[in-house]
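Two complexes, one shared chain (chain A), two partners (chain B, chain C).
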Partner chain A sequence: MNRTQRSHELAKHALIGFVLFFAFFPLYVMLVISLKDNTQFLKSPFLPFAPFHWENWTYGWGVVNNYIANSILVSTLAVIGTLVGALMSAYVFARYTFPGKALLWYLLLGLLFMPGIMNLVPLFVLMKNLSLLNSLLGLALLYAVGGQVFCVFVLRNFIEEIPQDLFEAAQVDGAGPIQQIFTVVVPMSGSILATLAILQFLGSWNNFIQPLIFISDDYKQLIPVGLMRLDGEYVKQWGEMMAGFTIAAIPLVLIFLFTMRLFVKGLTAGAIKG
Partner chain B sequence: MTLKKFFQVYSGVAILAGAALFAVVRVAYNQITFEAPDVTTIRICHWQLESGFREALQDLIDAYEKEYLERHGEKVRVLQLPVSERGYGQFVNTGLVGGIAPDIIERGFSRVVNDPSYLTRYFLPFGPYIESPNPYNVGTPLEGIPWRQTFSDGLISAYDRELLDYYMIPFSMFTERIYYNKDLYREATGRDDSPTSFLDFINVCNTIRDYAARQQRSLVPLAGSKYQAGVFQRKYTNTFLTDIIRLSDANLDGKCSLFESYQAYRNGVWSFESPALLASWQCTTDIAANFQQGWMAALRDDAVFMFVQGRALMFASGSWDASSLLAQVGDAFEVGVFNFPAPSDHPEYGKFARAMPSEAATGGGIPWGLNRATKHADLCIDFLRFCTTRDHNAQFTSHINWLPIVQGVTLSETLKPFKPRIEGIAGHFDYEISSELRLRAEGGRWQLFSGRMTPLDYAASLAEIYDRTAMEGFRTELEKNRRNMRNMDRIVAGRLLALAAPEASDIAAVERSVMQLLYANQAKTHDLAMDTHFLQTVTQ
Partner chain C sequence: MNQEPITWRNIKQTWVVFALLVPTVLGVAAFSYIPAIEAIRHAFYKWDGQYVEEFTGLDNLRQILGRLDIWVPLLVGMVSSGLSALVGGTRSRRLLRIVGLLSLAWTAAVIIKDARPMAGDGAFRTAMRPVFYLLGGTIVAWVVAARRPAGGWGALARFLTFFLPITAGMTYVISVTKSGDQLLWMSFRLIFVLLVANLFTMWPSIFTAVCIHRLKSDRAQYIYRVLFVVPMIIPAMVGLLIWKFFYDPSVGVLNKILISSGLDHVLIWLDTWVLHLGVFTDPFRPAWLGDPSLIIPALIFWGFPWVGVVGVLIYLAGLQNIGGDVYEAAEIDGITSWGKFWRIELPLIMTQVRLNLILMVIGTFQAYGFQLILLGPSGGPENKGLTPGLYMFFQAFTETNYGYACALGLILFFIILVLTIVNQKYVRVQK
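Now for the complex of A and B:
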């Protein structure tokens, strides 16, 4: 490696280090503060020093564990609901021809351009009339419905790419539409389904406005609103608050850790033709 | 498959399955706990996230649940919903509109809980309950006394003058003071006593600035934010406007309403360039000059943080912050409290200043409203009665170091400096008659107090809008008053019908309430007639 190459490598590493520093610094600060009491925090917020207050984590867990459980349940149900519904709809759009198909498709696409916040009032009225306010299942249903459009849009194109012969062969073997979905579409679209599942999970996990508006009981509340409430104290207990934030971040970190491979694969699937 | 491969493939699945299982179990547990069929649950929401409040309320709740079980043999659960200020308004609005709001709601941060036209739609009046004694006072000196009279303000602050009924039950009362770091004060000024006059207060601020410069220390006299500026503005406005209020108060109720201020404006009693009004703005601007740089972007928490860190000598806030502040400061330094000094000794604007506003009429704080959609109104009332006995109010307020609202509760040493100051002036001056004016006044206020706009410029910008929009604002407000009068007539008619009903039981109480309504109606009719006459005169 000559000097120019070495300096290029050095510059690259410096740039990566710079970006990583800014990415990880907030996490570091969160972790360090989570082990301090307010006196230590006021003295020096950024440097770790003993004694470490592990009781902040006990407190943090006590505050956020309900929110985490509710978020996991709602997001999981939302992912299942979204994928089941979207898979069926995408299959129909990809495989069947019927009157008004193009119109329906463009109407569906039109929904992609509608800002979610615009629907808030009609949604609220609808949820109220369906007696789904303040209900975790109602919220999961809402998320599942909200995620349909994007997933149908992505999956339709993906299903259309699957060779027609495979469906015909399944048909000859006596497979109905549902069987075809489970024996042909699902195995062939594993990576894109995983990607959509992760995106949907993330969307549901981070959604703030809907749980704020549709859920009123604290024990049913989801993590984004719960954290906002934790942050609302007038005189903050920084250690306890940061412990709560750190615990709340762990599920997402775990999910990314174990599904990153599928996620990247799904994002790049179809990038190369053939 | 090797162990490593097995771990790689299945550990993620195991963790995800474990997380899902935890979620299902936890949610099911909550469902069983909080929605058990044999337990009656009422929910109570508030935004009081000050240190100790939730624990103090929870103590009351625990005691109530226990006592209720002993008295009635039935289980009751009171669920506390603390929501931060930031989302409280939206939380309450959507809850009320959607029919999922808690049973007992702390009123605030939303027009829906303050505007009379919404108030009747979503909240139950306490009128029918407060004239009978609180059953939890049996065996105490307050036994047999109507519930209303057991509050130190006689629930005057709970009375809605437009709806002619009581719409809240308070748990505490609040006053505002200046907190200061005694150790730092002693070190910088060499004194032990707090500032005794306004000029002395300004001198202390100057001394602190010099001291900080000498010591090359990051220290300001006052911790500031918009919230803190608001506190000073509240304290230092009416003291300058006493004469204007006196000359404008046509119905002699001690206050200057939007209508009265407009009529006085037209009659030349005051203008936006009145020296007294300019002086009131200048006074707050002078005080705000002692805040840290960039205070307009700071939040209330930031100001607390500065004070606690010893980067500000003083900090203005209410008694509601005492407990949080003392907990936060700990042993770091001694905290002192003093009252806002009257600016009458100031060489420039002192001549316009009268005494500081009196706190004799300090009303109840933490205003609990009763959701009209509640299925357990009687239980909610019972809970509120339980909480407002002398013993329980004392227990609650001593836990958080807040002023008690029930008569006869003794003040602790910490709270004595916050005791309402009886002497001083009363009155209020309101001129923000149109939405445009309110917006301008609010937006320009911060520019004014931060010194980026002079009082004269601020006055000119308000005068231009006032001249253009006040008449329309007057009409709108008048129409609102007429609507309220019609509602009041309906209420009177309803009560008269109740009086005429053969099954009417407490005739004396209904008669009394009708008489009160008619009396209030008479005063309002008089005001309305005066305002209508004025409008006709100026539009002819």
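Now for the complex of A and C:
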């Protein structure tokens, strides 16, 4: 490597470092402020110094633990619902032809372009009539349906690329459609299922409008709305608030720790592409 | 691959296959299609969600759009000339084009009849000026389109001959007659500004991906890829609230950085002598999200340096498909760094860029959660941060005008549909 090449490499690293600095800055701010009380915060918000106020974390946990439990419940149910439903229908769309298939497919795909916001008002009334308002299960059902279309779309393309012989072999052994899904499709599509599951989990975890509208009791509320209420308090205890924020991020940290490899692979191997 | 045919005749053996479809179809029908149909129906109702539900015909639309006698022919003209560019057959194309021209002519006639009595009025003439500029532009585009062959500038000119007269009509209804829902028009103006800003803020993600891709060491590439995933662990709401804290007038980072770098004096000087906004004063404490003239700049600056984590990973996936031989051949030809970017890398990730562009446009039109959290349902002081979606939310859940909100939704749906079709047609990539 000669001199100009090396300086080019350095320039690239510097640029990427600049971008990464901004990407990580919120994380840093959150951690540092979560250990300060208000006087320390006002004196110097961004540099860590003793004494560290770990009691902020205890307080923050007390505020957000309920929201986190609700969010975990709803997001997990939503992921399971989405993937089970999407796997079954993607399998049918990929493997069979039947009258009206094309129409059904376009009706499904059309939903990708329908502004979700148009549905919001009638959906609210529908949920009220089904007495699913203010119910975590109702919300999970809604998320599971909302995630369907995208997952069906991705999975259908994927299942169509699985070699035909595998299905035929399974059929010869007397496997019906359901056994074929379990013995052929699921083992073959591990990394894409993981990627879709994470995307869906993130989507449900971050969704803010629907819990705001559909959940009214505070003890049933999910994490995004809970955090927003924490931020909206008049006299802010910055340290306690940031501790709450940090704790709210921990479940996602755990998930990413275990699935990072699969996720990076799934995204960059072009699992989701145009 | 071969697909097994299933018909209604052998349903007794194959009902399982249909049963597998039931959850998705039922769920989507119940929670997506029924609400959508209800929304379209209630666009023509006065509705508060529980007690009042009465059919009022076009009242909502009239209140939103204003002059329906101009809008209807204008939209018919727009849709039919738009369709004429998309359909295949020569005869139907010619028919559509004639219908389009006739409706646009009809629109022009209505406007002329409308404007005639006021022609002497000075203020009216000033207001009409942009309309005339747009019509003049149409004539120029027409001449260019007639001379140039199809493709490239010719295609652009042809698109403008269709686009400019429609814009002229809209300008007349919205800014000259000042009819319709002014808040909605204001929100569209905001969307337009945000879209233009997004055209610039989409580049850093692409540059970052290219930078990572061009690194010599594979190991460094992998490490950066992982590092870019890590910030995703911050819940979206937390990221948002932290940025809100950055903008805080008294304890926020942004003002501290501006003050410590001395830029505050520059801004105060600019405001005193050039901009005359009266927002940057001594002591320097601008409320970025509380001052009407700072809201739009604050929304644009949001998320600096605008690098989307998922975007970078998707671009990287596209870049990895470029074979090493392409680079080698280009290097023999003595290609520069910029040339490599414009000639090799950008064309090869065009699919992803296009997809992101479409999602960005549609997303900008639908966006409202972000503004709701930052500025509240009315879009902040003087409604500066009001997007169409947020306005719909405001009408529905603050004012309980559900019918009116549904009508707003219908209009939004129509716009997004048109944008999607235009996107599919004009932002196409050569492979």
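Everything that follows uses one rule, which is that the second predicted complex is superposed on the first by the 267 of 274 C-alpha atoms of A that agree within 3 Å, B and C clash if a C-alpha of one lies under 4 Å from a C-alpha of the other, contacts with A are read in each partner's own complex, and residues count from 1 in each chain.
Simple rule for what comes next: contacts are C-beta pairs under 8 Å (C-beta built on N, C-alpha and C of every residue); 3 or more make two chains touch, one makes a residue touch a chain.
Keep in mind that what you see is a predicted model, and the values were worked out from it rather than measured.
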Which superposed partner A:119 touches (first chain B, second chain C, both, neither): second
Touched partner set for A:249, first chain B, second chain C, both or neither: second
If touched residues of chain A are counted for chain B and for chain C, the larger one: C
Which superposed partner A:95 touches (first chain B, second chain C, both, neither): second
Which of chain B and chain C A:19 touches, first, second, both or neither: second
First, second, both or neither for A:213, with chain B first and chain C second: both
First, second, both or neither for A:108, with chain B first and chain C second: second
Which of chain B and chain C A:228 touches, first, second, both or neither: both
Chain B versus chain C as contact partner of A:42, first or second or both or neither: both
Doubly contacted chain A residues - partners chain C and chain B: 42, 124, 213, 228, 231
Chain C residues within the chain A interface of the complex: 1-8, 16-18, 20-21, 23-25, 27-28, 30-36, 38-39, 42, 49, 204, 207-208, 211-212, 214-216, 220, 224-239, 241-245, 251, 253, 304-305, 307, 309-310, 313-314, 316-318, 320-321, 351-352, 354-355, 362, 365-366, 368-369, 372-373, 389, 392-393, 396-397, 402, 405-406, 409-410, 412-413, 416-417, 420
List of chain A residues in touch with chain C within their complex: 1, 9, 12-13, 15-16, 18-20, 22-24, 26-27, 29-30, 41-42, 45-46, 84-86, 88-89, 91-92, 94-99, 104, 107-108, 111, 113-126, 141-142, 144-146, 148-149, 152, 160, 164, 176-178, 202, 205-206, 208-209, 213, 223-224, 227-228, 231, 238, 245, 248-249, 252-253, 256, 260, 263-264, 267-270, 272-274
Interface residues, chain A side, partner chain B - complex: 38-39, 42, 65-66, 68-73, 76, 124, 127-128, 133-134, 136, 212-214, 216-220, 225, 228-229, 231-236, 251, 254-255, 257-259
Footprint of chain A on chain B - complex, ascending: 11-12, 15-16, 19-20, 22-27, 30, 34, 43, 47, 49-51, 79-87, 90-91, 94-95, 97-102, 300-301, 304, 308-309, 321, 324-325, 327-328, 330, 332
